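Consider the two complexes below, in which chain A is the common component and chain B and chain C are the respective partners.
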Partner chain A sequence: MITPRNIFRHELIGLSVRIARSVHRDIQGISGRVVDETRNTLRIEMDDGREITVPKGIAVFHFRTPQGELVEIDGRALVARPEERIKKKFRKP
Partner chain B sequence: MRRGKRPRWMLKIAEERIDILFRMADREFSANPHRSHRYTELARNIAMKYRVRIPREWRRRFCRKCYSFLKPGANCTVRIADGKVNFRCHECGHIMRFPYIREKKDRRRNKIESHTTKEGTDEQITVGAHNKCGESQSDR
Partner chain C sequence: MIPQRILMKFFDFHIQGRDHDSSLRLLLEASRLGYQGGVLVYPSERYPDLKSDLESLRENPELQDFEIARGVMINASDPRDMRRSVNKFRKKADVIYVSGGNLKVNRAACESRRVDVLSAPYTSRRDPGINHVLAREAARNNVAVELPLADVIGSWLKVRARVLEQFREILKLHRKFGFPLLLTSRASSIYDLRTPGDIMNLAECFGMESSEAEESLTSTPASILEDSGNRHLLIAEGVRLLPES
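This part shows the complex of A and B:
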């Protein structure tokens, strides 16, 4: 079960996401679905079908869990390999 | 805790993530097959890292050699030969063989057991009849 408490340890692929804030202005406000993940980036399929690769470390994301809850996460908490995120310790920046 | 063993809650998340990834792979296959191959790879990485077994329903759904996602009828053929189920991957041509000797043995054992239990019930009935009818049954 993906809950707001464990979402940064859980699977991000398949969740719908919106980029709330970003250092890079052009990607701010983009919304779509996560289709791939690497250590430093998320690949987002936008609503018009285009795909865009977004660095995790420079943005704040709004994820929507399958239950419909909205969760705000600083991308810096997500910077790790997808399989390493389960055991990553979370520190408030 | 054993060395390298992860706490229970981590393993639970790992299992959930593996299941999510394989389901996504299954859903995405018709539109973007490269994505489902990627999801299989990610799921396998998680399974190896946390030493979680990939569930039985998904174990035959990816190639053991090239790790691509397999969808029978689309990029893999399933045939039965010599007491094995053969999965042929159309991506690399590798054939995975899964013997079903255990199921065969179970069926054989069930057959024998059903015979013996039938005889047992027969005997019980005769015993009951014997108790009722006296010596006429036991003479036979």
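This part shows the complex of A and C:
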């Protein structure tokens, strides 16, 4: 089950997401569903059906878990291949 | 229009309490001098006393408008000891101070996101205790460096000149690397306390601009306390649960 405690290690494809902040201002505020992921990017299907590729390292994302909880994740914490993110070490706050 | 200074909230971010009575005297005096908040800091060995003292202090009718936070001072001999104490007190205290002086402890404090304040990194040293490497780490991990004015007020001649020189060096690093800087009284007696205006004027003696001094008495303490309040929402580095969810 995807919870806020494991979301950063979990599969992101299928989750709804909003780009809360970004160095690239034009993509700020975009929301949609994650449809693909690479090491450095997320592919987001927007509400109007278009897809954009967003570099993870430049943005802060708001993910909504299936239970409805909202989690803010700094994209830099997600930079890793999805299948290897589970092995990545995350420091305690 | 209301002048900006009236809207600001001044904090004395380091008031050294010993017991209930001395803490009460210090807090009342700080409130009288124009502070709106303060952090009562107990050494880690006597931290359990702070909880009971603070409960009665918060109930005092004269301190109703004065915001009091709990702080713990960690005196560690080596980085391992420091990390162990920080992990022990992280959930108990609002603000964690690490007493500086030992270069290895200074470095471990600057590299830890769980430490809030590195206090007086120059203690018993000839150099300021932090360099460009530690300053960059402190900025990255949001560790504030504390300049206690008790070190200036309570010293004379050569020692005072050296402390001012070390403050100047730290200020130079603060301007270049942007780590948070705190001006505190570190008062253990009411005679160590000064008004925010006096502290800002004194800070100008070692080259601080009045806006920088104001920031280190108002917005920097407020942001540390805000971060401390939101710490329970942090899940991992860069991951945060949003409260409105």
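Everything that follows uses one rule, which is that the second predicted complex is superposed on the first by the 90 of 93 C-alpha atoms of A that agree within 3 Å, B and C clash if a C-alpha of one lies under 4 Å from a C-alpha of the other, contacts with A are read in each partner's own complex, and residues count from 1 in each chain.
Rule of thumb we're sticking to: contacts are C-beta pairs under 8 Å (C-beta built on N, C-alpha and C of every residue); 3 or more make two chains touch, one makes a residue touch a chain.
Treat the numbers as computed from the prediction; the structure is a model and nothing was measured.
When the two complexes are overlaid on chain A, chain B and chain C sit side by side with no clash. In the superposition on chain A, A:E11 contacts chain B only, with no contact to chain C. When both complexes are overlaid on chain A, the residue A:M1 reaches chain B alone and has no touch with chain C.
By the touch criterion defined above, A:V71 reaches chain C but does not reach chain B. Panel annotation: after superposition on the shared chain A, the angle at the CA centre of chain A between chain B and chain C (CA centres) reads 130 degrees, nearest 10.
Once chain A of one complex is fitted onto chain A of the other, the partner contacts of A:V35 are limited to chain B, with no touch recorded for chain C. In the superposed pair of complexes, A:H62 makes contact with chain C only, with no contact to chain B.
Shared-chain residue A:E83: touches chain B; no touch with chain C. Note on the superposed arrangement: chain B and chain C approach each other to a least C-alpha distance of 16 Å.
No residue of chain A lies at the contact with chain B in one complex and also at the contact with chain C in the other.
For chain B in complex with chain A, the residues that touch the partner chain are 6, 10, 13-14, 16-17, 20-21, 24, 35, 38-39, 42, 45-46, 49-50.
Of all residues in chain C, only 113-114, 231, 234-242, 244-245 touch chain A in the complex they form.
On the chain A side of its complex with chain C, the touching residues are 4-5, 7-8, 62, 64, 68-74, 76-77, 90-93. By the touch criterion stated above, chain A contacts chain B in their complex at residues 1-2, 6, 9-11, 13-14, 35-37, 82-84, 86-87.
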